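One chain, chain A, links the two complexes that follow: it is found with chain B in the first and with chain C in the second.
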Partner chain A sequence: MKRYTQHTTEFSDSAGVPFWKKAAPVDRVYIGYGLFIVLLVVISYILGATHFLPFDPQEINMDLLMAPPQTEGHLLGTDFMGRDILSRLIIGIQAYFLPGLLAIGIALVLGTCFGVLAGYWGGGLDIASTFLSNLLNSFPRLVLILLMVAAFKPNIYLVMAVVGITSIPTVASLIKSKIQFLKQKNFIEAATALGLKNAAIIFKHILWHNCRSVLIIQATLGMAEAILIETSLSYLGFGVQEPTPSWGNMVQSGANYFMQGNFWPSTAPALTILLTIMGFHLLGDGLNNILERKRDQ
Partner chain B sequence: MRYPAFFKARSAMKLASIRPITVLISRELAIAVLLLLGVSFVVFLVLFLSPGDPFSSLLKEQMTSAAGSHPGESAPWYSQYLLWLANITRGNLGTSIRTGLPVLNEVIRVGINTLYLTLGSLLVTLLIAVPIAIVSARHGLTPVNWVLTMFTYVASALPVFWLAYIVIYISMHRFGLFPLAFGSSTQKWNWLHFMLPVLVLGLSNGTMGEVVRHMREELSRVFSEEYICTARAKGASIWKHAFKEGFLIPITEIIAAKIPYILGGAVVVEQVFNWPGMGRMAWQAAQDRDYPLIMAITLMAAIFVRLGSLIHRAVHIVVNPRSSRE
Partner chain C sequence: MKRLASVFLTIFFLVLVMMLPQAGALSKEDGSPDGGALNYGEYGRPATLDPITSNDMIALRVCELIFNGLVGIDEKQEIVDDLAQRWDISEDGRIYTFYLRQDVTWHALEGQDPVPFTADDVIMTYNVMMHPQTITPLKVRYEFIDTVTKIDDYTVRFTLKRPILNALARFSFKIIPKHGLQNSEFITREDPFVQHPIGTGPYMLKNITAEREVILVANENYFKGRPHVDKFIARPFADQNIMGQALMFNAIDMIVLVNHRDIPQLQGDKRFVLQPYNALSYSFFGFNMRNPLLADKRVRKAFTYAVNRKEMLDSFFQGQGTIISGPFAPGSWAYNLDVAPLPYDPGKAQQLLTEAGFTRGDNGIMEKDGKPLSLTLKVPIAKESEAVKRVILAFRNYLSKIGVEINAEFQEWLAWKEDIFLNHDFDIMFASWVFDDSADISSLFHSAEAGPWKNNFGAFSNPDVDSLIVESKLTLDHEKRRTINRKLHDIIADENPYTFLWTLTNYAAYNKKLRRVAIHPYKFFTFADGWFIPKSEQR
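For the complex of A and B:
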């Protein structure tokens, strides 16, 4: 996940105006494209899960090998075994969608816990959580995953748990610096003076009202990270195995044909990866620009 | 010479801060050692919890090669860890299950190759990203900058293996090169064998967009500081004044933060290009379940990451000793 510098937000001058009206046109384009991609992924996932597909993704058609797009009803053509690429792309979403949500859940929940402990109480807890963050940041993610794959069985949920755990430091440091900034504000002092419980202050006044947007942004960026890791792993042969499609192993299995000049079977999933990851990145950055930054300084 | 009192005070401050800098840097060194101990414990824990108990067989094999005392079958976990750690500090990381060679020499041999690849591609990333960041921090959002920004988004979302295919295809059909046979040819384009993986990993290791954004934010923050305004008002070079805080610190920070990502990307790139490096060896070791090798590679990668972070901390302390004295 990405690391953002903190920007202070003033609430008073923009009260009443919905946030999308203040957005710069560029950010609207970013968010529009990102939301389009998210919607496409979710709808495709539902279509794939209910087997509402144009063709059977496993069906081999030896008469129609590596057809270009839009031949005989195959909207994106067929691959080197005559299988419909569009159907395989849609089924390929299943390789990362639910495991990616698991990774995001782990990163957000545990990251928020560590961030609150370090930011709200500080002291020894802060030192301990900084040490743990640096410890987790010392591992290159893919190398740690390869270690886990060697030690346990290659299992996508285990891999995504590792992705989630290694994303904890980013979320924790964002929440921590946000809380340290908020603690100097008057309303926290007022809430303490009114005798509110710590739990109420943390959950309602800090997390719900002030950290929501940070967590939403980190969730979109986390999905991009999950897609990147899943495609790399199934490209390397540790993820989903043929004949079950995933975007990474579709690129990999088209490699020999790519070198012979038949670019499409590898290029279609690669472009899908590119456009999807870019969508999640743009959505995250656009939301960050609108929600976390006062643009008209 | 016009403000002698000012210079005197400054040089006195510098003298006073010499000793604390060495103290601070040695503190960072101690933290790095502690973190590496933590890393070794995590690696131990993963292997210790893995089914089939590969760890005690590794330990036994280490012990027999060292001709030391044999650990009992049911030694508690902490004594197993300490024994293993003692072996590591003596340079005994066991032997590879696949090749039977001592792991340490193997990992150092391929680690140097990976270091070339990582540092080279880091350089490529910075050479592309930093000018874009400087231009867009200086001139705001013009159409040209927007195109450049979109380019960094595409570059950081590009699947690195697909870019590698394109590059290999072009080099095969245009230059008659076969990068898959790494280092074996002696043609005049031989240097391309070394350049192509570096270029591919540098362009699409997934960090370009973030490097640009971080540099741009830091630079524009520093440009709006009051001392830059003063420098501009008196006609001094703002680049010189913004260099330390706006350029040196963010760039070392981003290098330190991105080394793990580039090492991860190196696994894929080394696999595609048959680059005889650590990532390819890690892939092979995970395939063969070669525990001693993958443990050693993880430790080595963590050492690389910590070294990068140490350099960042050292630069930060030397440039701005006051801020790191808390």
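For the complex of A and C:
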């Protein structure tokens, strides 16, 4: 006999009780911190976009190279060209915000498509999508990005497109296994029996009700991933190009002076990266625990 | 001969400044103690270790320890005997006869008897160098030689196509052994010899470790006497930030080229010696005169006026260098000190741009006939790009103040070379030239040198310059050539095909335990066999 055990993954099942009320305290802290970081990122993005900054981030001051924090109003000091670090940190988020969303968008949309094709219809489509996934996974991501950069130009949107494409297999396999799991459930069977169209079943009953948490988690992790990739590329000199600031190229150029005792030009962006990535990861983790009820089981 | 190189990237041109590991007067009965090892930090790993196919400074420094030439140079920059003990030059200056030393042997491989050095080695080296299948930057430098003949085992005669000035100095090319190569016709980078060279010099290659450390040991049978220091070890550093620290913590004993930002720290440290040496090189921004906007010399001059070179030199290089005005390296005899560098004068720059017909556009960028002065600056990404990056950003900033927009593009080294020298797809480029002592700028500014893969990448063309260059090449009188070069300097400074920046003072840093250190400005280790470490400090 088949039992109805589907409630653990069905959102509507827990209707009535807001999900955050059932969250463990630690998850609330995770999510609270994560949301705080997201808020900061959004505020920074707006500040940067409206140029509401303490200093002009591009203004070179040759008399004030690598000034320590608190010098002449520079809260975090100045970098190797005498530019204000705080302003550059704030405007640096521009390097990730839209490109990061692009990467996430590509990964989620295409990943979901492949996942649905492989999971819902299966058969040849499953084999084909597995093949494509393996093909993509067999390339080391960073090498692939470096190849693209060498073939074209160091362009952050291009890089992020590659990041998005290489993330497709991860998303696709998550969605696929989720669908394969759901397909055995009675409510899908019932929906099919009631004559609902495939599109309605896939979009409403599968993706919207049962997969959105997975997608949200992947989106938060994707942003963290985007920042990390840009940072690694910057270290190799292929990230966002000067004079446009990004946290990665700030760390990289600051690191050249680290040994001379000027730690702040690289430490400030490095800490920013750390705290931000941690924020996105904790948010993802917290959401995972609550929405997927991982902690209860 | 020159070649283009980014300042801190060590892919330099191989310029032979007739230098050899030359002990000079130091016969090894100089009372200095033998023993000890010298670890020196290098900027990377040499691809090859032979003197013919190598074209980077790292390999050339190692070659300096392993090989000798027919003639060498002493610390006073005078030509002295090396593998040749004496020589005759015919009246017409076309026949050079070298009488070789008879007591020289090649480094012996383990378990083998040392092979004596003979005239055959010299002739084979020349033939290999000129063989069409050998790829070497040396070839053009020796095309003035017509024939080489062996008179006997220890006498070689070179016949020149035409007499040239300072020909003797060119016979400092390193001699390789006839028995060393896989085939005695030509040499490629696949030949095992390039990884395990055999020479006649004060040090012989022991091995290259898995970490690509090059270990050299003293040649007990060196014909000028055994060198004092037992071992030389070249240690490659991927990250230059660590090299200075490695010296401080005694992991290495010497840095061949100190990063300028490390200088203040090393200066204050009593354990080390910071020794300046003058390399014949300079940095510049080169303009592409194929671009009609840059073909106007007033525009090029305006750019030079707009750039505060002194401020950059002081802020980024601790003032360790000299601002230059013209195409010759300031350390060379050809440099004309009467031509002063253009001063920093943004007002004058503005004025020149206005004279050239530019007006301020709506967005603050100067424009002429609706064409904005928005230019692409191409820069190679080097490992040590941070000082370059500063210069580029500052340059961009200076020019934005006079209404010129610069889009800086940092490119991978090979892609950059292709864009500059082959496709000529750039407006401004940043690089440095490294010179030998011949002060020959014909490949840089003669209009015939403007083709693909040639050094006049900006297509500079000036009939006066062309004729002066030709005249300078033909003359055999040193004073006359000097006068011509001064004139050339004057014209090129005025034409301003480059914004000439500066020549930097190079510094070597080494531990005080190392004594009697003399450094050759270009080849570095030329006099290394006279260096020693006192017994008490050998560890």
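We adopt the following convention: the second predicted complex is superposed on the first by the 276 of 297 C-alpha atoms of A that agree within 3 Å, B and C clash if a C-alpha of one lies under 4 Å from a C-alpha of the other, contacts with A are read in each partner's own complex, and residues count from 1 in each chain.
Everything that follows uses one rule, which is that contacts are C-beta pairs under 8 Å (C-beta built on N, C-alpha and C of every residue); 3 or more make two chains touch, one makes a residue touch a chain.
It should be emphasised that the depicted structure is a prediction, and the values quoted were computed from it without experimental measurement.
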(request) Have a look at where A:A150 lands relative to chain B and chain C in the superposition and call it first, second, both or neither. (result) both
(message) After the superposition on A, what does A:T220 contact: first (chain B), second (chain C), both or neither?
(response) neither
(message) Going by the contact rule set out at the top, does A:M62 touch chain B (first), chain C (second), both, or neither?
(response) second
(request) Look at A:Q241 in the shared chain and tell me whether it touches chain B only, chain C only, both, or neither; answer first, second, both or neither. (result) second
(message) Quick check for you: in the superposed arrangement, does A:F80 touch first (chain B), second (chain C), both or neither?
(response) second
(request) Could you look at A:S167 and tell me whether it touches chain B, chain C, both or neither (first, second, both, neither)? (result) neither
(message) Just checking: does A:S129 make contact with chain B only, chain C only, both, or neither of them? Give me first, second, both or neither.
(response) neither
(message) Contact-wise, after the overlay, does A:F258 reach chain B, chain C, both or neither (first, second, both, neither)?
(response) both
(request) Please determine whether it is chain B or chain C that touches the greater number of chain A residues. (result) B
(request) Take the contacts of chain A with chain B and those with chain C, and give the residues found in both. (result) 150, 237-238, 255, 258-259
(request) Using the touch rule from the top, collect the residues of chain A that touch chain C in their complex. (result) 60, 62, 65, 80-81, 150, 153-154, 237-238, 241-243, 253, 255-260
(message) Please output the residues of chain C touching chain A within their complex, sorted ascending.
(response) 241-242, 244-245, 261-262, 265, 311-312, 315, 381, 385-386, 389-390, 392-394, 396-397, 408-410, 412, 415
(request) Sort out for me which residues of chain A touch chain B in the complex. (result) 2-3, 5, 26, 131, 134-135, 137-144, 146-152, 224, 228, 231-232, 235-238, 251-252, 255, 258-259, 266-267, 270, 273-275, 277-278, 281-282, 285
(message) For the complex, give me every residue of chain B touching chain A.
(response) 31, 34-36, 38-39, 42-43, 46-47, 49-51, 54, 141, 146, 153-154, 156-162, 165, 168-169, 172, 206, 209-210, 213-214, 217-218, 221, 257, 259-261, 263-265, 267-268, 271, 279, 282-283, 285-287, 289-291, 294-295, 297-298, 301-302, 305-306, 309
